Amino acid sequence: MMAAEVDDYRDMLRIRLIEEELLKCVQDGRVIGSAHLCIGQEAIPVGACRALKSDDPVVATYRGHGWALAKGVPPVQFIGEVMGRDSTLNGGRGGSAYLSSPDHAFMGENSIVGGGLPMTLGLAMAHQRRATGLIPAVSIGDGAMNQGNVHESLNMGSVLGIPFIVIVENNGYAEMTPSTDLTATPAAVRAAAYAIEAIEVDGNSASAVAEATRRARELAISTQRPVMVEAHTRRLGGHYSGDAQAYRPKGELEEWGRLDPLTRARSLLDPTVAEATYQQVVAEVADAFARAAQLPAPLEEEAMKHVYAN
Amino acid sequence: MMAAEVDDYRDMLRIRLIEEELLKCVQDGRVIGSAHLCIGQEAIPVGACRALKSDDPVVATYRGHGWALAKGVPPVQFIGEVMGRDSTLNGGRGGSAYLSSPDHAFMGENSIVGGGLPMTLGLAMAHQRRATGLIPAVSIGDGAMNQGNVHESLNMGSVLGIPFIVIVENNGYAEMTPSTDLTATPAAVRAAAYAIEAIEVDGNSASAVAEATRRARELAISTQRPVMVEAHTRRLGGHYSGDAQAYRPKGELEEWGRLDPLTRARSLLDPTVAEATYQQVVAEVADAFARAAQLPAPLEEEAMKHVYAN
Amino acid sequence: MSTPTDAEAITYIRAINLALDDALAADDSVIVFGEDVGIPNGPFGASKGLRAAYGDRVFDTPISESAMIGAALGSSMAGLRPVVEVMYADFLLVAMDQIVNQVANTRYVSRGRLTAPMVIRTQQGSTPGSCAQHSQSLEALFAHIPGLRVAVPSTPQDAYSVLRGAISSDDPVMVFESRRLYPSKGHVRRDADARIGVADVVRQGSAVTVVTWGTSRPLCEEAVDSLALQGYECELIDLRWISPWDTETVLASAARTGRLVVVHEAVRNAGFGAEVVSTVAESLGGQLQACRRVGTLASPIPSSPVLSAQLLPSVDTITRAILDTIGEK
Amino acid sequence: MSTPTDAEAITYIRAINLALDDALAADDSVIVFGEDVGIPNGPFGASKGLRAAYGDRVFDTPISESAMIGAALGSSMAGLRPVVEVMYADFLLVAMDQIVNQVANTRYVSRGRLTAPMVIRTQQGSTPGSCAQHSQSLEALFAHIPGLRVAVPSTPQDAYSVLRGAISSDDPVMVFESRRLYPSKGHVRRDADARIGVADVVRQGSAVTVVTWGTSRPLCEEAVDSLALQGYECELIDLRWISPWDTETVLASAARTGRLVVVHEAVRNAGFGAEVVSTVAESLGGQLQACRRVGTLASPIPSSPVLSAQLLPSVDTITRAILDTIGEK
């Protein structure tokens, strides 16, 4: 048990430290553009990927750094991709918000709200037909529940009997508007409209998310339908790197900060182990950034390649 | 009470006889193209429009002849429009599947499945803001519940507090596929996903539909939200005029035919009154077709008018 | 299913059916789906008999075009070769995000690591009485999107060959069929050239180059044939594919004739005809002595055939455009 | 809110804000809505202060673009003048059916009895680091659709005037703003000409006609100004509107120069530049001695600026295209 808790802490911390450094990179120009960070939500990808098979395909959103890393994408290449380098992921084509790494069954981020749901249905359709035993999972935000494509995919998955897992990361906001202003009912309530199972879980506990995802995976297999996991969490940063968060009620960040999944994960550990782990990840991340910075710039003459097969 | 029952029978019969003649028109070339008939579903528009205020805007689907007539669109002009004549409705621009008559608060048919829902939300938004006291209503098929725009509109109407009525005509089929093969849960169950009220009703009884619509209208006003009416009915003809219906299970049409709302409506009447009404409507419809056939063809030089304001 | 002999003329829709059948037989990874595509045999009969022959590789879906396109995308990313039918091109618009923002980007953004070898079949164009929401010709919207391939076949042979080529392609292909031409007949050779992007030179001539595709081809044939009787020899080219398109054949022809007419049923304004004219104008400069585009006038399509006839291209408007270019010096 | 004096230069985004403010003040039937438009003041600040000033006439919506466009359509049919913001043009694609199949048909099919006096505001184009799903320039798709009006303003003055003109228009208008130009400054006269479809002749010259719009205008100005130093006097025309567009001004200019370059950030292939070139070629025939289009190469836009710079139009590619046409005889 202790080992799992150390792993959770380490994997969440890696995501946190990489993202904190990426935020600095955006600010000082090492990353061109913006980034949507998952600070405060790390327990969800870490917990879920613990329960998924390593080959289970995963689709995420623009807020997908945690998912890429939790699927095992190497930090150096991941950071290089966000920095617009010639990484082994997408060579700078994807960037922070639209990167993928099929080698790690990370089928990609998606910068269209809800846009990854239909493709996940399709991935699941193929894996079911090919009997690979793999169950695709897709992460979306709470605000995405109001996009038509999410609705269509959940119904179609249900009636055609296609098993996949939808993880709704309910982080309290859609951009700058509180989720509850936008969505008539919570995601888990909507599952009934599709005759699919839903599991609600504390999204700030990696072990709880892992357990929920494990159950969801089993249910997907036994019901041969989509299964929903609604993970309750809090976005501890801005919607994106440049967000001044003026819309936040006073004191909210302090209050939410007390629920920080990293603090909680660390509190479960022996302090010496925790500190050693911390130092190890700090060093690992520093090294990854140093090495990512060495990756070459994309080759200009490659810009037009891969639009078509040939 | 008797008077209402006669009215129901007369109004449903008018729709039925007009559509039966239109089907012949399609077959003999008086109507160019196809038509989607509501034979077997007449009680829904007749009942609903009885309960709506005459100025309440109504939006329908391609299967909207009954709605247009129930809103009071004059049969001669209606038939002329379907025949592609220079009718006062749309001068042949709308035709069977996309006609409108704002003078009768009939805001139009729609040939995109579910496509009328978002505009109904908008109509309701304007009427609410302008405090007209009118409540828009939209009719869709059961199959339309799986379109993204329907989902988006119901959620948005709910969270923004916009009152309108959605009447789902559950007629057992979406084109040639049984509805139950396509939709994970019945429409009324889905209402819960939007935190709106739903009323199920026997769609083959005009008085029951009127009562349900009256309640729905009151609920829309009191909750200031969308309200759903799911009307159970049976499509007694093909999906469209050219549909050979090979997909129908043997005996289904006979069985469903026994539920024909017109037979039922007639059975509630004194036979003499019923027969007199029948003869009256037969004559009225024959006259309408004769007069519609006299309407001039659209003027060729008008073809490019009204694309823009000027 | 019984298969036609090469000598037998078959309809356009039957050619589609045959192509689907042959593709399903040839490759286990092919699946075919859409609304009423499975058990009801397809709204226009394109999948007739296929459910019976191939079981659940041919299936029905809810009326959810976004999810349908996504289902094709995801399954193609994971090793299948889906062919999804969208009943009318007008309905592509409810799934436009999936086509443009998802399907088209797959290969490029992943640097070729993810691919989407899928086909979207649809049909388009106006038929008498069809309303504004069931009449549009929308190929230009998709030709503008890098990452997509777009075909607009007009004969049974091309319907067959284009579809086979599309299904074999490793790129996502959109096939715009013609509902109006579904009943038209022709001979189909199953071993005909199925290369992507190759035009068909339908008539040879030196007076003017006429370029067309899809539903407009028969109108052009009629116009060109009657002009031939008057002594004007027009070169008629059916592009078949507009992404990629056969610039070489068109440029060579236009260089010879110095005159160009492009005809399509899509709205003329900002239609793909503009791309053809511009490409030729850029290449030939002042050597392009005259050019015209014929397309639907800038209006939604009214249901009444009396009105729609005023808007759609006709043998007459095509003939006049051709004569116009010949008259000009 | 404090309003700028006419002498004060303001940013493009502030000009939009001012136009919305003035429209809300002038006409009670104007409402403004979209994602994060109300309480958060707009994702880019276009609606800053408007919620505070106009209460619930300015409001937030769920992330449901189809329902948003429909809400605008329906409310415009029933007497309001809605202005709906779609955050990025790329997201128009999830609502394409509502725009093309619903909004655009309203007036025509009802023979003018129903109208849709609504405005869809969006912004588009690539900025460094923006991904393929947040970089597209999509105006050509909408210019092809009869019933829609399309504007692509590039200066603070035009942003103001176009938006006021759009809100007053009885037709549905799509305004494609430029995110990249939001911080650029200029003087805004609130009583400037807001007529729809009128181009701006930015520079006069006789060597070549350069036509542009939107984000590409500043690049064209730079190219044209540096060519002027070399003795080539180019006529630079900013269309501002592409539906309707000022064919008269462009044709008159091209007739004088005999040379045409069209520049836009949208993908070159099947972009609206093709319509401009074709219209001129049809009109001038062999008198159009040379023409070129400059646009984004046929590729999705990669996130890395190193790569996207290879694809997007630049002062350099524009300059070369202009010199090319001058070099040709």
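The first chain written gets the first letter, and so on, giving A, B, C and D; residue counts start at 1 in each chain.
As a working rule, a residue touches a chain if its C-beta (ideal position, glycine included) is under 8 Å from a C-beta of that chain, and two chains touch if they have at least 3 such contacts.
Just so it is clear, the model here is predicted, and its values are computed rather than measured.
Peer 1: Would you pick out the chains that touch chain A and also touch chain C?
Peer 2: Joint contacts, listed by label: B, D.
Peer 1: Chains in contact with chain B and with chain C: which ones?
Peer 2: Touching chain B and chain C alike, sorted by label: A, D.
Peer 1: Going by the average position of its CA atoms, which chain sits the greatest distance from chain A?
Peer 2: B
Peer 1: Indicate the whole-number Å distance between the mean C-alpha point of chain A and the mean C-alpha point of chain B.
Peer 2: 45
Peer 1: Per the centroid of Cα atoms for each chain, what is the distance between chain B and chain D, given in Å?
Peer 2: Distance between chain centres: 40 Å.
Peer 1: Report the inter-centroid distance (CA atoms only) between chain C and chain D in whole Å.
Peer 2: Chain centres of chain C and chain D, defined by C-alpha means, are spaced 30 Å apart.
Peer 1: Distance-wise, how many Å sit between the C-alpha centres of chain A and chain D, to the nearest whole number?
Peer 2: Those two chain centres are 35 Å apart.
Peer 1: Which residue numbers or ranges of chain B touch two or more of the other chains?
Peer 2: 91, 93-94, 98, 110, 112, 115, 146-149, 152, 155-156, 159, 181-183, 307
Peer 1: In chain C, what residues contact two or more other chains?
Peer 2: Residues 61-62, 64, 66, 90-91, 94, 97, 101, 105, 108-109, 131-133, 146-147, 298-300, 302.
Peer 1: Chains as vertices, touching pairs as edges: which of line, ring, star, complete or other describes this one?
Peer 2: complete
Peer 1: Can you list the chain B residues touching chain A in their complex?
Peer 2: 146-149, 151-152, 154-156, 158-159, 181-185, 189-190, 192-196
Peer 1: Touching residues of chain D toward chain A in the complex: what are they?
Peer 2: Residue list for chain D touching chain A: 35-36, 39-40, 43, 60-64, 66, 90-91, 94, 127-134, 297-300, 302-311.
Peer 1: Which of the residues in chain B come into contact with chain C in the complex?
Peer 2: Residues of chain B touching chain C: 31-34, 62, 84-85, 91-98, 110-115, 143-144, 146-149, 174-177, 181-183, 246-247, 297-298, 300-304, 307.
Peer 1: Would you pull the chain B residues touching chain D in the complex into a rising list?
Peer 2: 57, 90-91, 93-94, 98, 100, 102-103, 107-108, 110, 112, 115, 117-127, 129-130, 136, 148-149, 152-153, 155-156, 159-160, 305-309
Peer 1: Going by the contact rule set out above, which residues of chain C touch chain A in the complex?
Peer 2: Going by the criterion above, the answer is residues 31, 59, 61-62, 64-80, 82, 97-98, 101-102, 105, 107-115, 146-147, 149, 169-171.
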